[in-house]
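Per-chain residue numbering starts at 1, and chain names A, B, C, D, E and F are given in the order in which the chains are listed.
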Amino acid sequence: MIKTTTRKKIEILMDVPLLRSLRDLAIKNGVRGYTVLPTLAGGGDQGRWRDDQVTGGAGSKVVFATIVKEDTADRFLTALEPLLDEYSLIVTITTVEVIRGDNF
Amino acid sequence: MIKTTTRKKIEILMDVPLLRSLRDLAIKNGVRGYTVLPTLAGGGDQGRWRDDQVTGGAGSKVVFATIVKEDTADRFLTALEPLLDEYSLIVTITTVEVIRGDNF
Amino acid sequence: MIKTTTRKKIEILMDVPLLRSLRDLAIKNGVRGYTVLPTLAGGGDQGRWRDDQVTGGAGSKVVFATIVKEDTADRFLTALEPLLDEYSLIVTITTVEVIRGDNF
Amino acid sequence: METLLSPVILFFVLGALAAFAKSDLSIPEPLSKALSLYLMCAIGLKGGILVSDNGMTVDLFLAAIAGLVLSCLIPIGAFALLRSFGKLETTNAAAVAAHYGSVSVVTFVAGNQLLTDAGTPPAGYMIAVLALMETPAIIVGIFLARRNTGQAFQPGQDLLRETLLNGSVVLLLGSFIIGLIIGKDGFAPVSPVFETGFTGLLCLFLLDMGLVAARRLRHARNLTLRLVTLAIVFPIVNGTIGTTIGAMLGFDIGTATTLGILAASASYIAVPAAMRLALPKADAGLYLAMSLAVTFPFNIIVGIPFYTMLAKLMV
Amino acid sequence: METLLSPVILFFVLGALAAFAKSDLSIPEPLSKALSLYLMCAIGLKGGILVSDNGMTVDLFLAAIAGLVLSCLIPIGAFALLRSFGKLETTNAAAVAAHYGSVSVVTFVAGNQLLTDAGTPPAGYMIAVLALMETPAIIVGIFLARRNTGQAFQPGQDLLRETLLNGSVVLLLGSFIIGLIIGKDGFAPVSPVFETGFTGLLCLFLLDMGLVAARRLRHARNLTLRLVTLAIVFPIVNGTIGTTIGAMLGFDIGTATTLGILAASASYIAVPAAMRLALPKADAGLYLAMSLAVTFPFNIIVGIPFYTMLAKLMV
Amino acid sequence: METLLSPVILFFVLGALAAFAKSDLSIPEPLSKALSLYLMCAIGLKGGILVSDNGMTVDLFLAAIAGLVLSCLIPIGAFALLRSFGKLETTNAAAVAAHYGSVSVVTFVAGNQLLTDAGTPPAGYMIAVLALMETPAIIVGIFLARRNTGQAFQPGQDLLRETLLNGSVVLLLGSFIIGLIIGKDGFAPVSPVFETGFTGLLCLFLLDMGLVAARRLRHARNLTLRLVTLAIVFPIVNGTIGTTIGAMLGFDIGTATTLGILAASASYIAVPAAMRLALPKADAGLYLAMSLAVTFPFNIIVGIPFYTMLAKLMV
């Protein structure tokens, strides 16, 4: 059996225009690597949206995903907390196993 | 350490034409928010596919993702079950932590 | 309550040109189904990237996701291990519940 | 022969060869969708302008009724053959049959171009007939499937919407109506995009269709020799019937041939989308392989010249 | 009336009808973005070439100053009305107000086309004015919001960059400068794409705008009757003011009307992006519905002819 | 100088400036891919038609052999310099070297256009030479890397397919052959898209290349001054050699210059894709920065005029 290490995967759904600031915040708080994933559409308390580029993507959303050690997760999430309500971010934290754990 | 709450993330891989019906079913069963994610290609018992728009996307698939309380998860999945085989949906349920848990 | 079964979800982030070889490796090692997901951008020790098609997608990355039984996961990951460093793959393994577990 | 050496066909062949050779050549999906939307707009406009020029005639209604009747009856015959000779079970047979009752926009376009080049263009209203023939076969197909099988989940309303308001049908009919309204003069400023650019962009689209068709053929699992045979027999028979009816109704060569082409062609846009919803148990790999990877190239290369020849004999 | 039957408008209507009928017709997003980049390049180049032909005149500076002043003052008036009559709270009122201070590229383009067709084209430098008017209202809007509310996270630098270096502004101004440099002769080899193809591609873009606008209207949650009223009153008032100023500055009919159109139009590209960042608590569904789903069609169908009439009376 | 003020170059500069200023301007990736497929088709067709007009001559074979020899030898020289002067370790040196042995389609296109404008167009068969020169350097590069290093996982077959059936190579050669078959007459209906639209669409593509090149330069981590020097020395030396060989083989000015341009240019499509697979440990940021962000602009702005001057002196 292959050796794995436990890490936290943090996924944040946010509006595209916020991506740069959030990435900088992540890096400032110890995040070493991240990946950005696309979305197509969604719905919630504020109504429905779908990716539409007529408006220059102002209404588009992306997922910022990063795999981190537990303590980095805490640090980043603490820094993030004040923004959650402001920018209605959707944040999930999942426990995952990784291989070559010292890369994260 | 930031306060988190345990929720269920349900992810359903399905054919694009089914999306509307499934979203309605989800909402009828207590789902408050959801996000739709794109896919590129895949393979399984019924062969390989890749997103091709020549056929108007009839063969394309998307992921419908929703974070819900355990009881909503049960209710939605129970409503979903009869469709699983019919539409060969791929459903996964993951335990995740969320911040601001009362939003889900 | 609906009956679910525990499975492993393996997600591998890799360069597009590697996809075919990796898919073949997966199937050779008992993987029955998989789905490929797009990404937009990312950053890590080797710097930042974003999907750019001017270079024919050489710098683009995709996620190869597959849900498997624990023993298939072991077998596949063991076969994968020598490639991890070589191709700097990012691999996560998550425990998920599935419905109709005998399909995986 | 000359037809086969037109750039449009050659790009289709290039795409098919690239896919058979497992090249990684691929057309980005949004481009592919963009091209298909563009083709709908362009042919819709063109048809509308032709009709606005010539006025509506009784022929339009005759052609519309002929088209509707064909698209309802073809699936019934096809269903019987698919069950008996094709050895398909009910659901698959019904789904495949629906495809043959409906029509293929690109086959229509290719025929249109060849007929126009040959000096026998079809009437403009055939584009309205094309739009009308897209959906009825879906209803017939579902009916055929449900006579024998029960289904739990009824996506009724959604299905009707998917079917009647399918994007391609809406765009085709909408552009047709816009063409009717604006006429030749209103068309002038947009003609560089929708007319002058048409053949070139069609080349790119057919390159993509070649790639997709060949990949479907390579990965088709349940495509038996019997089914391939049917995918060739259907267009021959339906095309002959369509052309004959056209000739009997007194249409000119181009129009009669086009009715034959519509009857002969099989859908690969509106019907597959509806079938995923209505008959999800049907094998999408199978019906797309038959319509896109066998019947479509057959019609483009052999069928269209054949129906034209028939029409010339009969008109 | 004739205007309303131009293909450009008819495609907008087709898109809107398709969305209201819940058709699944949709334009792939990358195509939509590609078309919008194309439009920016094309009109930027065109403006630059016109200015390179006619030289810079003092009128350019007058128009620029008038535009800047309007785009700073309009939000202030709009804010007051949105608070009082519209019953919006501060943040939403400020965000909406910013949209009306800024401008809509496609409204500008539509006006441009109609004025050119009518033999009264606006001066080329109005494209520079368009670019200048895109961003100042953002600053004013944020200032209006922050007088009364505190904000934790300051995406300061990012916001300035998002605003001033917004892709559409950069492309518009960049193309304008390229047009200035290359002049008429340098433009010849690229004119088939950027000039001949313009109207046709604009049709496709407006088809998409129709779809998006109607979907926004269908899903708009907080769009009260009072707000719809304001979304119609704002363009009338601002358009009248803009046209009048243009006439008073001695501009020709086309140019005065265009200043009116700029004042009357509401942004749906640069401003929403900046607002998501700066005033995230503001309701995006609301400001986009007002600017895109009410004011934009109003301007296209009623506003532009009205400002033109005004200009004819005054110039 | 005039060259530098062509819209094509100016759009490249605009893209680069926007990226350096950290504007969020970006071209949607599917559009970018669509444009690059379009360029391949267009130049492939054009070359085929030229050759179908003039017939195949012995010059075609001479040029092909010269191209193949250059693309095998250039990487060997480059590898030595990258190791010694550039201080790269084996794998990186080999990967970078392979890029310089291969060719850049857009550099070729830009050169083609300038030479044609100047009245000295290259022979049509140079497009076949371009396609032939895309892949051999990949094999040489891998060979250079593996002499010294061992590798666990051998993606052998995939690599060969990726290399020989790389989408861009297939499309280029396929369109060339289609051009050969259809000739001038068959080209007429598609020429509005593939010829008239070419320069305009090239502008949009170069806008994107400017953005991508500048972003690569901004984020390049391991790009030392020595490597930048080499990325400028390589094209000068290789371009001079290529042009000289062309002149010695008796080619006309346009054709000799074009052989120089091919030798001087560095791949950023086929080779990076192959290197990700074959030499994954090589630093993609590095080789793309060298070829795309240094050598490409150098060739466009300085190189092409220089090789043209050389050719004029020698032919």
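Quick notes on this one:
In this section, a contact is a pair of C-beta atoms (placed from the backbone, for glycine too) under 8 Å apart; a residue touches a chain by one contact, two chains touch by 3 or more.
If you're wondering where the values come from, they're calculated on a predicted model, not measured in any experiment.
Looking at which positions face the partner, chain D and chain F present mostly different ones, since fewer than half of the interface numbers are shared. Set against the C-alpha centre of chain C, every other chain centre is closer than that of E. Mean C-alpha positions place chain D and chain E at a centre distance of 41 Å. The distance from the centre of chain C to the centre of chain E, each centre being the mean of the chain's C-alpha atoms, comes to 45 Å.
Along chain B, residues 37-38, 53, 94 each make contact with two or more other chains. The residues of chain D that reach two or more other chains are 28-31, 33, 162, 166-167, 192, 197, listed in rising order. If you check the complex, the residues on chain F that touch chain E are 5-7, 10-11, 14, 17-18, 21-31, 192, 196-197, 199-201, 203-204, 207. Interface residues of chain B facing chain D in the complex, by the touch rule stated above, are 15-18, 20-21, 46-59, 82-83, 86-88. Those residues of chain D that touch chain B in the shared complex are 29-30, 32-33, 36, 151-153, 155, 158, 162, 166-168, 205, 208-209, 212, 215, 219-221, 268-270, 272-277, 280-281, 283-285, 288, 292.
Of all the residues in chain A, the ones that touch chain B in their complex are 13, 37-45, 61, 63, 74, 77-78, 81, 84-85, 90-94. Residues of chain B that touch chain A in their complex: 1-2, 4, 7, 9, 23, 27, 32-38, 62, 67, 94-100, 103.
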